[in-house]
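Okay, so subunit A shows up in both of these, paired with subunit B first and subunit C after.
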Partner chain A sequence: MTATMGTPQDTTPVVRGAAAGAGGGAPFRSRRPRPLISHGRWWWALPAVLVVVLIHYLATAGGAFYAFTDWTGVGDFDFIGLENFRRIFDDPAMIGSIQNTLFLAFGFLIATNVVGLVLALALNRTLRTRYLLRVLFFMPVVLSPLAVSYVWKFIFDFNGPLNGVLGWIGMEPRLWLADPGLALWAVLVVMAWQTTGMVMVIYLAGLATVPAEIEEAAALDGASTWRRFRHITLPSIRPSVAIASTLMLIQGLRVFDQVMALTGGGPAGATETLATQVYKETFALSNFGFGAALALLLTLIMLVFAVLQQAATKDRS
Partner chain B sequence: MRRLGVLAAVPAVSVLTLAACGGGDEDGGAAGAAGPADSFTWAFENASGGAENPWLVLAEEYTEETGVQIETQPLPPDSYGLTMRTQLQGGNAPALMMFAPGSGQSSSVIPLAEAGYLEPLGEASAALVPEGSESQFGIDGEIYAQPTSLIPVAVTWNAGAAGEAGVEYPEDFDAYLEACRSLADEGRSMAVIAGAVPPNPGLMSMAISATRVYAETPDWNDQRAAGETTFAESEGWQETLQTVVDLNEAGCFQPGAPGAGFDAITQGITQGTSLTAFLPGTAANELMNATPGLELDTRAFPPAEGEPYLLASPNYVLSVNADADEGEKQAALDFLEWMADPENAERVTEIQGGVPITGPGENLNAAYEPVRDLLESGSYAPLPNQGWPNPGVYDALATGAQGLLTGQSDVQSVLEAMDQAYDQ
Partner chain C sequence: MFRYTKMTALREGLVWVAALLTLLPFYFLVITALKPDEELLSTGTSAPPGRPTLENFAEVLTQGGDNNILMALLNSVLITLGSIAGLVAFGSLAAYVLARSTARWGSVTFYLFLIAILLPTQLGLVPLYIGARQLGLVGSVGGMVLLYVGTLMPLAVFLYAGFFRNLPRDYEEAAALDGAGPGRVFLRVVLPLMAPATGTVAILTGLIVWNDFFTALIFLGGSDNQTLPVSMYYYVGSLVSAWNKIFAIVIISMVPILAFYLFAQKRFIQGFAGGIK
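Moving on to the complex of A and B:
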């Protein structure tokens, strides 16, 4: 009975030869949790740790330092304290960029997770063509975001196929990417269209762990489809929800490629996000200090939302 | 220590900002390698990416004539300024580089001269600088940038398509608006713009400002620098942007203009569905060379009242890297001297499709004949953003003009944004 309680990986007593009843008479030593890297061996990881610290964290910290300067990319600079951050929060264009970033991030999070979960549920069992459909829905994920965006740019063009269809059914053509009320939604559609297949795969992996017999038992007990989903399926795939929502939130917050390819941040800043503003300020307008401040702000926002999101999807059972 | 900090900053800021913005595949530039004096490296913008770029043609001709090899580095315009700054700071920039005059663009020459990255040029280069524009080519009495040819920036007139449509170029703004309305009824447009690409509405606004601002006040930029006026207070700038609004409301632009890219300009002009575009004279020349039978010329944008006026300035200048290998540096300086020779300067102008820096002569490009009088009489001002202190001012104008087309902005808010950017 004791043996059946252990996990397959739990071989410590055998390895140490200290299992009770072995007949050797050796005293049973209490097991202490082993550290990830044992003392005396940690220095094997030192070169890799140093490389990561130097290239990743030190460079990032260096960039963060420039957020407090007025450096233009050449010549000298002055330390200006929090002036760059004051400018960010005084500038309506920057506030608009933060709002657009949050709109796209949460719109992307919701759209990809809802549609991805629905697709995963639909293609989990029973459907005969599910393997083919899974491939079809996943295919956009492997394409370059830029390539996908340029295809959609053609679709959204004033003289493109979408307006052609509208004209065919007697509707007026729309400026999909140049209308400030539509452009952000158009970007969101392209982002979600490309990434939903990835979320579907994550949920399919989660659904594979849900025991079919429990669902069948609940169905025999008269539980409705919604109650079975709510009380059996969803709790079982909670780890998948946590992974998919974290990945999509972070991907949504750092959106760049699709915006640059579809609208370039226009019309007149209507689709600018923090990431596109960072690029524009740093590389197009040579405001390195201000761009670094924007980048630091974006990093902090991502950090805060990632932590909040992890807390929200934590398994409390 | 400061230099080390600066060197560390580019990768540091880049890592913090965009991991996706990987570097290009330019090789490190030969300036760092010990090159013989009979060769040098030269970087320039190449928007079209084609082999017909005037700088490439010029390099080939120079090599044929002198035997000096030029290793050219044609780079895309959107990242050109950043690439040059990074290479100059990294010590691997080419010996010769193309820049823009003044301080108002990301590839402007003055900030680089102030940072000590450029070599002072000689008398031959200084003699080519237009009188009164010295501050856009050098600092402290030294010249760091040799101008090439004058590039008119105005209205590109599709003379062939206009002839077919039976339309004469309007002499005043009211006639222009009237032509817009009549052409729209025929399924054509008076103007084609790339509304989705802010620099094109920005260039249009600057072209209009020639008659609304600079014709009456040629030293307006100096007044702004001295704090005697602002964009928001300037009647000329208010009128300039109001003209953009009027053009939009009169249906002067092609359908879908706010969402159009540069391809719309190429199609509209080459297919004859649009009669005018706002382009630099060199771009109009490239378009004409690439499309047999296309008849384009350059006109001044019609004034609301008074005489026509034009924008024309040497929009491209050449500078020498102060840290280049001595042999290469000398070879690059020899090349600039060769370009300054009147006979060669004429050839440069011909290849570039501009106007000789000394003014129009007998061999003026036929596309500029309609504005010959303006060029001869000096009725032109330099591109306004060359005299602005940072690229943010032009960005505010360009983005604001885009907002005027979509109805997101109004004239006063755009001008206030330009003032705010100016004072940064």
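Moving on to the complex of A and C:
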């Protein structure tokens, strides 16, 4: 009885009857008596485990399977090995969407992190209205990316406010969304505008852990603002940098809504991304096999970057 | 030490300028939605309406069929609430058992959820769509709830598990010593204590479901149960450049979530700052 009870800090594990014998993370295995107190029943976890196995693992495995077939959604299909992937890498349009996806993801990562960190530093302390300002800067985050994109589509319209301002200061109007050289940048602006507030909030949480006394002491010792940031603030918020950059990269790689609302992938495929191609190939053109191959490629790119980022941030800490 | 000086006041002013510039798109959104048709071309795009009107809202709200925004709003509410309910109920139960478990299967199962967070949903969508089509779940509210509960369960379990690990076992053990069974302990002791975690789970997952366009377009596009983003996508596509009507729909789609955000902004911001870690 007393062996399994103890204080809450007690590290003696309360082993459930059904699983008695396996000593958790303990380096040795030991037989324990059936405990008197059980925290829940193992089958309580069953519904959650079932849906996750079904909807994440089995479905993903199935998707990976179709990637090597020529299935069109109905009837029979054949295994065609890596044929789908050969087609992807032979098709300039597909290569273009991979490049666009990477451009948007990294541009998004950099823009949101730089602006988000600057905002967080500005709103960390001292400003009287900092709480109100945080609420305002965070506001776009809660909105639907689709709705936000429509607002920006109007701003970028040839007869829209942006060209109106340009005309007012004596510059030529531009076809922001119809110019292949500009459209991708326009998509990036919309993505970054909406999500910077989220990065700001992550950095604010990190900055809250930096002790004000150390900063003050450094300031008294004559350290400049930049040196205080470089040697005190930045090392303390490294975990936040890791979280914010990983999140933004993953979110950037799956960009879909903004492209669909702003350009639909145009002009002439100039803003097509992997996610929009997956949607079009699979669900508009019924090339299930080819679409699955594109989705598998997108998944692999995401996993590779997620793992790389984890490794990079682990080394430093 | 860090006192409020003239420089700070200047900084505060600059940040306000940045904030107002950032929020400028909302200005265009509101003034354009209030413009009557004839003013759309006659007044400048940055100028407020000469004769503000609510007729755009009346028009887009009274559309029937596929463009029925009120139906879409109802579908969005049902699917979001259903998904949150499923995630809170099954996510908290699973996370509780796993967080309190010291057995090896407990940590193995927990890793099952952790890895699933990293697994992007795109790849699984093709088989899920085919499976749902065979079961007749494509285009149904129930099917969507099941799909969202499944895709977001790893996040819910992860958030709850983090909370339960920091929750002292004292209360549960006291209740158990007094003779309460595991079910009673969970319902009477754990359930009331986990309210903050439930708030985070509900806000984070609810926001993802409410704003989701990709999966909703695939599973609900063209059906009778379209959610707000899907309905908005098709409706806006048919309106070409009637920006006053488009913006009326956009505002209607934004109002519920904005109201909720301003009402519970502290929880939203805390949820994003702490929950995501």
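We take it that the second predicted complex is superposed on the first by the 264 of 317 C-alpha atoms of A that agree within 3 Å, B and C clash if a C-alpha of one lies under 4 Å from a C-alpha of the other, contacts with A are read in each partner's own complex, and residues count from 1 in each chain.
Following the convention adopted for this analysis, contacts are C-beta pairs under 8 Å (C-beta built on N, C-alpha and C of every residue); 3 or more make two chains touch, one makes a residue touch a chain.
If you're wondering where the values come from, they're calculated on a predicted model, not measured in any experiment.
Enquirer: With both complexes overlaid on chain A, does A:261 touch subunit B (first), subunit C (second), both or neither?
Expert: second
Enquirer: Can A:279 be said to touch subunit B (first), subunit C (second), both, or neither?
Expert: both
Enquirer: Looking at A:89 after the superposition, I want to know if it touches subunit B, subunit C, both of them or none. Which is it: first, second, both, neither?
Expert: In the superposition, A:89 touches no partner, neither subunit B nor subunit C.
Enquirer: Taking the superposition as given, does A:212 touch the first partner, subunit B, the second, subunit C, both, or neither?
Expert: In the superposition, A:212 contacts subunit C only.
Enquirer: Is A:79 contacted by the first partner subunit B, the second partner subunit C, both or neither?
Expert: A:79 contacts neither subunit B nor subunit C.
Enquirer: Check whether subunit B or subunit C contacts more residues of subunit A in the superposed model.
Expert: Between subunit B and subunit C, the winner on subunit A residue contacts is C.
Enquirer: In the superposed arrangement, which partner chain does A:295 touch: subunit B (first), subunit C (second), both, or neither?
Expert: both
Enquirer: Residue overlap on subunit A between the subunit B contact set and the subunit C contact set?
Expert: In subunit A, positions 55-56, 59-60, 62-66, 73, 157, 159, 256-257, 275, 278-279, 282-283, 288, 291-292, 295-296, 299 sit in both the subunit B and subunit C interfaces.
Enquirer: For the complex, which residues does subunit A have touching subunit C?
Expert: My answer: residues 5, 8, 13-16, 19-20, 22-25, 36-42, 44-45, 47-49, 51-60, 62-66, 73, 119, 122-123, 125-129, 133-148, 150-152, 154-155, 157, 159-161, 164-165, 193, 198, 201-202, 204-205, 212, 215-216, 219-220, 239, 243, 247, 250, 254, 256-257, 260-261, 275, 278-279, 282-283, 288, 291-292, 295-296, 298-299, 302-303, 306.
Enquirer: State the interface residues of subunit B toward subunit A in the complex, per the touch definition above.
Expert: 2, 6, 8-18, 20-21, 78-79, 81-82, 85, 88-89, 106, 111-112, 114-115, 117, 195-198, 255-256, 258-260, 390-392, 395, 399-400, 402-403, 405-406, 408-409, 424
Enquirer: Over in the complex, which subunit A residues touch subunit B? Could you list them?
Expert: 55-56, 59-66, 71-76, 157-159, 173, 175-180, 256-257, 263-264, 266-270, 275, 278-280, 282-288, 291-292, 295-296, 299
Enquirer: Hey, which residues of subunit C end up touching subunit A in the complex?
Expert: 1-4, 8, 11-12, 15-16, 18-19, 22-23, 25-26, 28-29, 32, 44-46, 90-91, 93-94, 96-98, 100-107, 109, 112-113, 116, 118-131, 146-147, 149-151, 153-154, 157, 168-170, 172-173, 176-177, 182, 185-186, 207, 210-211, 213-214, 217-218, 221, 228-229, 232-233, 236, 241, 243, 246-247, 250, 253-254, 257-258, 260-262, 265, 268-269, 272-274, 276-277
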